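Next come the structures, one after another.
Same chain, two partners: chain A is paired with chain B first, then with chain C.
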Partner chain A sequence: MATVFYDKASVSVEWGSVGETLLASDFTINYSTSAQPLYAVGNKGSLGQFPSSARVGDISFNFITSLTGAHYGQKGNIINFLASGIKHSVGSTASGVTISGAGVKGFGFLNSYSLNVASNSISSSSASFTFFGHDNELPISGRLADSTVTVGLGTTAGGSLATGIAHGRYTPLTTLRTTIGAGYDPGPTDIGTVFGADYSVSFNHNPIYKLGQEFPVTSLYTTAQESINVTEDIFQSGLAFNESSNDYTIDLHGLDDASTNDKMQLKMISGKQVSTSMSAGLDDIVRSQKTLTASY
Partner chain B sequence: MLGRIRREAESIAINGSGIQGVQSVSANYSSVARPLRNLGINSIKYAPEGPQTATLDVSNLLINTLPDSAPATSKELMQNFTGDIAFSGVVNHGAKNFIFTEGYMETYSVSCAIGEVPSVSTSSVIYGEFGTGTLANVPTDNSPSVVNIPSYSSMEINLDTFSTNRVSSFNVAIATPRVPLYVVGSDVPTGVIAGTPVEVNVNFTIEPDDYEIKNMRFVPDQTVFENTVITLKKNNSDATLLQYSFNDMLLTSESFQGDVDSNAQVNFNLRSFILR
Partner chain C sequence: MFYSASNAKLKVNDEEILASNASLSLSTSLQPNYLITRRNTNKFVASDGVGGDLSFNYFLTGKDFFKTFITGQGERAREATVISGNFGGLNFDSGYLTSYSVNFGPNSPAVASATVSFFDDLKGEFAPVEELAPDIVGILNFKNASVAGETASGFDNVENFVGGAYNYTAEVKPVYLIKETKPSAVSFGPKNVNLNFEIDSPSGYLPFSGVSAKVSVDLKNSAGTMVENFTCDGALQQRALGSAVGDYIKQTINIVQGSTDASKVSVSANGFLPIP
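What follows is the complex of A and B.
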């Protein structure tokens, strides 16, 4: 029996020569094989259970949005680096990354990545990967074991202050504000106040299997969908049938706003507002929400 | 040398006005820094989680009132902050002081019992700065309060019940909800909305003669609504200092207490809500 307490169960992600241990609050790994019963005329029971597809696994985890990483010059955590790389990649072949947790590891492809920012709150993220395996490599390998690695949190503003995590205190999100004009110039303009935002991106991969081999020879990245939900105090009732598209940049800041390192950026290319909503509840102001989407 | 600071070296001023008759001042904050916890944790680091606020509780005897010329709704200084006005101030203790800004009152109460001078207690939330620093734009106190001491023996309470039943104490409590609006990129609210409704509770303790406990069932013919007016007058005078007046207060609770060595006692609570 392997007894692994949570303080020895860190989650690490490696891609090529770069890697990072994330501030995960949980993770779940699943591994499955598909066994289907086979029936035949003339036989009472089933002939047995046979695999109908390759073994696959997946991992999902939530983590504090750390900013201390720097991968090939891009500031921020490695998940954001991977998402940005896949999203803007010009080729179709996806390389996959090695994800390990508590001694178990797999070769995974990023399925989804999301994060949220709210006022006076620590930003949290989540990610999920699928393990397809590759050629003769199993999707998942290893056994439960302690892992001890150091996690950088940034200490520029104080020895024990976690400056290197994204926080709503210094993340203004002014680029996401809705501005509504009167339609004539000069006219009154209403500019929204941003209370928080949720960002998510999901990726589709296509593993290529061949006869005579269980695991794929390669995996291709196909499409990605990205969305940002912004909570404001302004309602865009003039949503157009075909809204114009814009690029939206989200700059996430850590607790040491003067630091040039503890920052991370996401960019939505050609995003369109596709919905707007407003809701009212007791003892609160009327808040609105808009959804921006982009596809790649 | 280990010194001490006594009451004569302590004071509090709000919006430039010194508060008189202070019985106690209590101010505190609790850091919102929380330790981060993660899988594989190997060091303790802290980060703030949630908005940072402080609280300020002040209790004072009602011995001063604002002059008639003061541009205020109430002649009782603190009662004026039950609305949507923020306040700032400073607490001095010896040679040191601390400031507070963007204070919003959440509860206000005034009470009096036989043998007492009416007292006021307030509790406020500080959304702005608290602690070290200097106050900017301290307003000039153009309407300093004047000594006016009311007394338990010179107040009027206009509830029919009290013509034949002796009132021994009362308490008026006003709860003013606040809704701070926090946006991303800032640790102070962009605004604090004065919530509604404002809840008013009035408690009386009487030594009954012919007072009758009501039926507890909430049925129309047994539901009691009262208009309550409490008038505080200057000691040994007919000059009105303050008046607390509330209409259509619902009788929400009654309690009876009989004891071997005291007179029978009845406590009852009246409640109403005021929409801003």
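What follows is the complex of A and C.
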């Protein structure tokens, strides 16, 4: 019997030669089989429970948004790197990544990735992957065991913890603010102040199963949906029937205000505002929220 | 009085069938009896015998009893194995298999569909039963299947057989003698076996005369022993290609086998069906 304390249960993600141990605050792995009861006319009760689809697993975890993890091009962490890569991919065949937690690992396909950032707060992210398995490879393998890997935050900006984590203090998100103008000179009359933003992207995968084999021969990436919920102080009552689309960039900075390089960037391509709302509560200002969406 | 599905047993040739659903239909062949001077009538007269269909889906647990009727029914003149059926006590004894199909789906339990046509009215009375379901150790699953395919030109580098359906239809007509309402014999018309299969490697290859093709599906039990086989050995007559947003490109082929005897359609070297 293995008793593993949380400090020995890190979450690691590997793609090819690139790998990263995330600053995860929790993780959950599920593994399920489909046992479907079958019934026959003339008989009370079920004939038994029989499988009707392949075994699948999934993992979900929350982690601190690190800026100095594995990346390609823009700095960030491996989840952001994967999400960006899949989102902008023109290919259909998804490769999947190896994810392990406390000695249990699987070959997963990114389902969803989200992060939030708010004023004076540490940014946190979450991700979930689905394990389909592949050919004769089980979706999940291994047993509960201590993880020996250590968390590394990179070496940039002194490698200190503070510089490696996205924080709302130096993340103004000015690219997301609403600007309301009269439509003619003298130009914009009101510019919003952004208090926070929630970003999320979800991916759809299509595993292809064939006769005589439990696990898929391949998994195809099909579509992705992305959204940003922005909290600010402007209510866009002039929401158009068909809003114009714009590219939105989110730059997440750490606490090292002197460094302009240590930022993680997310880019929403051709996003459209689809909703706006506002709410008021006691002892607070009236806050508004807008939702930007994009699809890939 | 209403009953539940668990109150009506389905038996064919006195053997209980583990059917997930069953339906029994019965109809007459009445025609209105018009007079020359009238445009309407309430009088009807029989123009043909009484008959009906018993349709059901059932789980395959081993070698399929009904599949034997595909090759063993009406291959010789006036020789046929009659099927008797009983659903909840209502029964008939002049049935013939007119359609049979099995859908092949990855990781799915093997389920067959059959339709038995009969040419008589139903006997007996509905008699409900109350019995516990038996423990079934194994229902065959297409996880334990293997598929092999071949054409004269090769199967266009097909690597994966995703799923499909095996279908059999037979035309059965009753032969009535004077004063008979229950036929003393039946005549068998054309029998047809066809197989649809979704495959990979999209191709448009389809010669004018079709192409000889054979697909064989071995269904095994959990121990890996083959217990049933579905083979369609005939002419590849159709291809279809399609997709939808969020889905992958699906290509299906349709193979038709005109005969149901044991002999196989030979696969000629040039890829075209031999002309008899």
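In this section, the second predicted complex is superposed on the first by the 276 of 296 C-alpha atoms of A that agree within 3 Å, B and C clash if a C-alpha of one lies under 4 Å from a C-alpha of the other, contacts with A are read in each partner's own complex, and residues count from 1 in each chain.
By our rule, contacts are C-beta pairs under 8 Å (C-beta built on N, C-alpha and C of every residue); 3 or more make two chains touch, one makes a residue touch a chain.
Computed from a predicted model, the values in this text were never measured in an experiment.
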Do chain B and chain C fit side by side on chain A in the superposed arrangement, or is it a clash?
fit
By the touch definition at the top of the document, which applies to A:Ser46: first (chain B), second (chain C), both, or neither?
second
Once the two structures are placed together by chain A, how many degrees is the angle at chain A between chain B and chain C, based on Cα centres and rounded to a multiple of 10?
140
If you stack the two complexes on chain A, which partner ends up touching A:Thr223: first (chain B), second (chain C), both, or neither?
second
For A:Tyr6, is the partner it touches chain B (first), chain C (second), both, or none of the two (neither)?
first
Once the structures are superposed on A, label A:Tyr209 by its partner contacts, choosing first (chain B), second (chain C), both or neither.
second
Given the touch rule stated above, what does A:Ile191 touch, chain B (first), chain C (second), both, or neither?
neither
Just to be sure I read the superposition right, which of the two partners does A:Ala35 touch: chain B = first, chain C = second, or both, or neither?
neither
CA minimum distance (chain B, chain C), superposed complexes, angstrom
36
Seen from chain C, its contact residues with chain A in the complex are 5-10, 16-22, 56, 58-59, 88, 104-109, 129-137, 139, 141-147, 159-163, 217, 245-248
Report the residues of chain A in contact with chain C in the complex, numbered from low to high.
36, 38-48, 50-54, 92, 204, 206, 208-214, 217, 220, 222-223
Can you list the chain B residues touching chain A in their complex?
32-33, 36-52, 177, 179, 181-187, 190, 193, 195
Of chain A, residues touching chain B in the complex
6-11, 21-27, 63-64, 101-102, 117-122, 147-151, 153, 155, 160-162, 165, 167-174, 193-197, 255, 283-285
